[in-house]
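Some structures are shown below for you to check.
Both of the next two complexes hold chain A, though its partner changes from chain B to chain C.
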Partner chain A sequence: MIGYILRRFGAALLVLFAISVLVFLIFFATPGVDPAARIAGKNADPATLAQVRASFGFDRPLPVQYALMMKHLFISHDLTSFVNRGTLVIPQIIEAVPVTLSLVVGAAVIWMVLGVGMGTLAGAMRGTLVDPLVMLLGVFGVSLPVYWLGEVVNLITQKQLHDSVFSWVPPLGYVPMSEGIGQWALHLLFPWLTLALLYAGIYARLLRGELINALNEDYVRTARAKGLSERRILVKHALRCSLIPIVSLFGLDFGALVGGAALLTEVVFGLPGVGKLTYQALQNLDLPVIMGTVLYAAFFVVLANAVVDVLYARLDPRVRRA
Partner chain B sequence: MKRITAIAGAALLAVGVAACSGGGGAATSGTDTAGQPAQTASAAGFQEQHKGGTLRLLAKSGDGTLDPHINYSNGNWQVFQALYDGLVSFRKVGGNTSYDIVPDLAEEMPQVSADGKTYTFKLRKDVKFTTGEPVTVDDVVASFQRIFRVSGPTSGTFYSGIVGAADCVKKPAGCTLDKGVVADAAAGTVTVNLVAADSEFLQKLALPHAAVLPKGTPDKDQGTTPIPGTGPYKVESYNPNKQMKLVRNPNFTEWSRDAQPQGYPDEIDYNYGLTPEAAVTAVQNGQADWIFDPLPADRLTEIGTTYAEQAHVNPLAAFWYIPVNVNLAPFDKPEAREALQWAFDKNALVKMFGGANVAQPACTILPPAFPGHADVCDFPQQDLAKAKDLVQKSGTSGQEVSVVVSDDDVSKQIGEYVRSTLEQIGYQAKLKVISTNIHFTYIQNTKNKVQLSVSQWYADYPAASNFINVLLSCASFREGSDASINISGFCDKDVDAKIAEAMKLDQSDTAAAGKVWGELDRELMKRGPIVPLFNPKQIDFVSKNVGNYQFHAQFHALLDQMWVK
Partner chain C sequence: MTSPVRATAEQPAAGAPAAGPPARPSAGPWRRALGRLRHNRSAMIAGAGLLLIVLACVLAPVYANAIAHTDPFTSNASGTVVVNGERVPVLAQSTEGLGLGVTPVGPTWDPGNYFLGADNQGRDVMARLLYGGRNSLLIGLSSAVVCCALATVLGVLAGYFGGWIDAVLSRFFDVIWAFPVYLLAICLSVVLLTSGLHLGPIHIDAGSLALPVVIIALIYVPYVARPLRGQVMALRNKEFLHAAVGLGASDLRIMRREVLPNVLPTVVVFLPLMTALNMLTESALSFLSVGVQSPDASWGTIINDGLALLYTRPAITIAAGLCVGLTAVALNVLGDGVRDALDPNARLRGGA
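Moving on to the complex of A and B:
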């Protein structure tokens, strides 16, 4: 087991290293990105350009530059942005994390409740009108792209009906929990719903399929033969097994979202989270911030994978024994 | 100054905004926002009843460092107007007189020696930094040194004419300029010696890069740490991802209404993060007062009609243009370049940008109402037959040409139009769309072999040389560098000599110099290293409770002069 953990850990480090090298190389291989020219400003004199190049170390070989960047990021923790100079990268990310977590955790609760509820309902009521209706709703959620849905939600709540039905909706942006749970939740309500709708649809569809399969399994027939109530069979036996793929999917989705995949939602609703930070860094080619956020995101994806594996074993005894 | 303006879409703005334009262009303009007299406020002096409140500004992101010696962006230059002062400044009013240079930290305009090489400034005595420390001649000297010690973006260009500057650019550490900038503490004067006379020197001194900062300010980019200034406001906090908060400078007393008037709002909150779409809605809802970013095209109609009274349109000292690479086939042939001057329908391009109310067709390199602009047009309208003929004559017909544009909507549309026109006049044309983030530096580098592109230029200060000398002189052409603003690669010794002559003439006789610039502009149009497309205008959208909107020709809306009470 320890060997397995070590191997896994090593592989994760390798992945992170490879990603960082890739980001670095892609950046420098792109024509027109010379960071010195950007920092020195347009029409900079060649001597000024040379000064900037030297002071930022851009005249050194790429491997040295890479090593220095990693040193600033991981050892001295003082990597600073190229664009907003003086802004440290790590505190920027740390400041953005609570925003992203607030968004993703809230949305996750909503989509899990909705997704599991809808999926179970549809699976259990197969053959009735409820099933296709619920699934239609699910497809509806899946087919609405977040950036479009978000803009439309804004259009309705901030503009068209802002003076009447939605006058209680606060302006876009984020309010930290320290300024009151109520305001925090109110500001996040529509971002939560927007983000959750897509995932709820996916999860509901997935769960329904799994549930229907499970209900045809031998152990369900056995349970019925034992005389268990249908309700107990559904919740205790079929649903529990059907949740396995949901949990693994949830782990991956959650990890990716915390890592910054909620980018579009954050941008549309003006939430200064990790996704927004990444987006802005990409917009102005700010390599240190791109590096920081990409590694951060990769870390969460890798971490989420590990957590999923553990949970898997917890839910499914067969995995534990294997 | 370069800025990408993505005002796009149809000529929808037409109806409404036309009615409320004015403000900047004409000092005489009658009514501006919500029918209030536009120019009377400053004439009448400070209006106590409007003092107070919080002005809420929006931008999609922060605009870089707070260090005025380093930041080179429109967004923060605008903010710096309320934070910092130089020895001289542009007059802080709306309208044409905003191009005038007035004494700021200097008591009066400097004494200039007959040869134009020595400027002597007498410093005001009563001005204090936000720290309470008085501004002394030592601070002025230290600030000049600091321009070089921090390798400021314009240290090697704007300020390279100061005696000793050439060495300082090469060796920033320990730069003293001991022969270039000399203080006399007893007399309270600072003397600046130049290698050669420079007619634009005072304008360069009026830019944030020459702001006077306290001596002892560290010789490195101060980033997000505010540096004490002398203006009516100071930065209380700055996080480029969230907010910049300005509050009143307790040590400020108005010393010159022309140079640094006191501001109206008690606090200015500049919030970052909303998309321009969301920002427009926020201003409509009264949740914010002004937006920095170009307005989204699909909102222009609405702003031009329902919200016309809150919109302000003003011409900019800028143009969109096609830099034509004169060193690569086919445009190394003069006839091929001339063909391009005839090829495009500028009115069609204006429509792509958003219509006649947000841009006007350009026929010269220098924008209208800009020093040196000559009201002539040698290529008045599109003539495809002539263009085709010239292409045939040049012997380049059928050659491959690619147009490199950035990936914003307007540029793509213009790029497609340029491509199809090139096909019509006999080339095999391709469109290359690249990310807006790298476009501007990409097209400058000769290694990328860009034949044609679509770019923009915004003037740093009102001087013809800021277009012609910067964009088309040999000195700004640097092969193989991402910083080579002469994108056309045009280098002609005779033209360089004429530029030098015009710049020299500017020192003694601006009218005569203007004529020379005008002729030079005309000649350059014929030689075709640049195809001017149109001159854009700035649209500012403010909330209902904003009054006293003033458009400064150099730094755009004067933020601290807006009142919210």
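Moving on to the complex of A and C:
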């Protein structure tokens, strides 16, 4: 088991290295793309271009540029932005992380409770009205664009019904937890609900399918033959097995969201998280910030993948030999 | 995970579309699947809805020229329009705040006359919606086709040959898989949208629609390729493959005639679902203004245009978002029907 864990995390490190090289190559070595030209502006004369090249170190060989950037990022921690020269990258990211974590953790709690609840209900009450409703929500979960849903929520809570039903909704933005946990939660309530609603639908639908499969298994028939109550069979036997794929999917989705998939939600609700930071950096092509945030994001995705794999190996010994 | 292995004699030629099985006396697997799909009421309703949307978008020029008499790609800042018998400017000076902005005319609900109102450049939103739908659907469908084709080739190669080919391709999938999808797409778009792509003989101009197609197709390759690779690896040990090897068939022939027909149902299952996913990704990229570029429209760019007018003219954003959502719902319901008909055990999300 230890050997498997070591191998799995070794592979994760390799993937992270490959991603950092890939991002670097996208921005510095794509044919026809010149970072100096982007920084200097559209119609810069050759002298300015040469000056920008020398000042940012673009005239050095690619591997040297890559190594220098990694050194500033990981060893001396003093990577600075290209656009706002002098602004350090790492503190910017550290400042943005709590916002993204607040958003994703809160939404994750809501969607897991809702998703597991609705999925179990639909699986147990197959043939009643609950079942098609959950299925419908699941289809909407994969189909509706989250940023659009966020905008409609904003429209209703900030404008249309702001004077009556939703007068208690604060303006868009983020309030740190240090300024009172109530305000923090209030500002994040609608972002949480928007993000959670779509995932809850997807998870409920998946769990329903797994439950229905599990309820046809032999061990459920055995449990029935033993005379256990339907409720006990559902919760203690069928649900336990059905939750395994849910948990593994949760690991991946959570990692992806913390690692930047919440970008759209952050942009729409004006939350200054990592996704928004990345988005701003991309708009003015601030390469060091992009490098930092993408590596941060990839770190979470790779970590989540590795943790899910290790958990699977813990549950199923056959995986360890693969 | 594996689809039932069928004798190759029953298979239609590789690449035959699921919708049109060749005529033959005994019903083949494709025809039987089509029959099952036909009896799936929700899938048929979704398919009909999808057809309507596609038809409406294809007829966009007819609407713009014959009904609305407008050019949805040029701005109409000084134009006027008759609403309720009164002639009002298309773009009215804003009365709120400093009065600097403009408020476009709202929905008139008159098909010949700014049905859904105008956007902030005085262009007819309804006509732009139809034209935008063409781009959104085109990008979604073509990138799904490119993605599935590329993933089939790579997945079959990796699964069939194993060894170092599999090792290299799998690491490639791992890296793309671990890259946050939207970030990768945005990175590629930001770089390529300014200069276009010039790779050897391939030249794609910066404003071309092919750019988002290629980018979106590329980022989702592991989604499709990984399950296919697993299927092919399971097929490797089947007897009919050993028989083909024993008959002296070449690798290429075995892959084409024995392996491909067995994984094709899964590819077909992926197609509508990937089209929905890719269309959503396209609209998200366009919403972030790194997808389709102005003056071209897509549903994403229209949502983005409507963002500044969200509180005054919400119809723009709501209509475009409903189009994306409804099309995606139709594609997903249809895709579920196709999966139930062809390969009910396919695991499409999560990959684990």
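Please note the rule applied: the second predicted complex is superposed on the first by the 281 of 322 C-alpha atoms of A that agree within 3 Å, B and C clash if a C-alpha of one lies under 4 Å from a C-alpha of the other, contacts with A are read in each partner's own complex, and residues count from 1 in each chain.
Heads up, the rule we're going with is that contacts are C-beta pairs under 8 Å (C-beta built on N, C-alpha and C of every residue); 3 or more make two chains touch, one makes a residue touch a chain.
Computed from a predicted model, the values in this text were never measured in an experiment.
K.L.:
If you stack the two complexes on chain A, which partner ends up touching A:Leu62: first (chain B), second (chain C), both, or neither?
P.N.:
In the superposed model, A:Leu62 contacts neither chain B nor chain C.
K.L.:
Touch test for A:Pro245: chain B only (first), chain C only (second), both, or neither?
P.N.:
second
K.L.:
A:Leu25 contacts which: chain B (first), chain C (second), both, neither?
P.N.:
Neither chain B nor chain C is touched by A:Leu25.
K.L.:
Where does A:Val267 make contact in the superposed view: on chain B (first), on chain C (second), on both, or on neither?
P.N.:
In the superposed model, A:Val267 contacts both chain B and chain C.
K.L.:
Could you look at A:Val83 and tell me whether it touches chain B, chain C, both or neither (first, second, both, neither)?
P.N.:
first
K.L.:
Quick check for you: in the superposed arrangement, does A:Ala256 touch first (chain B), second (chain C), both or neither?
P.N.:
second
K.L.:
Touching A:Lys159 in the superposition: chain B (first), chain C (second), both, neither?
P.N.:
Both partners.
K.L.:
Now for A:Glu151: first (chain B), second (chain C), both, or neither, which partner does it touch?
P.N.:
It touches chain B and chain C both.
K.L.:
Touch test for A:Leu285: chain B only (first), chain C only (second), both, or neither?
P.N.:
After superposing on A, A:Leu285 lies in contact with both chain B and chain C.
K.L.:
Indicate the residue numbers of chain A shared between its chain B interface and its chain C interface, in ascending order.
P.N.:
30-33, 38, 151, 154-155, 158-159, 267, 282-283, 285
K.L.:
Taking the complex as given, what residues does chain A use to touch chain B?
P.N.:
Against chain B, the touching part of chain A is residues 30-34, 36-38, 40-49, 51-52, 55, 80-81, 83-87, 92, 95-96, 151, 154-155, 158-159, 162, 171-173, 267-272, 276-277, 280, 282-285.
K.L.:
Report the residues of chain B in contact with chain A in the complex, numbered from low to high.
P.N.:
Contact set of chain B toward chain A: 1-2, 61-62, 64-67, 70, 72, 151-157, 160, 169-170, 172, 221-225, 239-242, 271, 273-275, 277-278, 281-282, 284-285, 287-288, 434, 437-445, 447-448, 470, 476, 478, 481-483, 485.
K.L.:
In the complex, go through chain C and note every residue touching chain A.
P.N.:
Touch residues, chain C against chain A: 171, 174-175, 177-183, 186-188, 190-192, 194-199, 276-277, 280, 283-284, 287-288, 290, 303, 307, 310-311, 314, 317-318, 320-321, 324-325, 328-329, 331-333, 336, 349-350, 352.
K.L.:
Considering the complex alone, what residue numbers of chain A touch chain C?
P.N.:
11, 14-16, 18-19, 22-23, 26-27, 30-33, 38, 139-140, 142-145, 147-149, 151-152, 154-155, 158-160, 202, 206, 245, 248-249, 252, 256, 259-261, 263-264, 267, 278-279, 282-283, 285, 290, 293-294, 297-298, 301-302, 305, 308, 312
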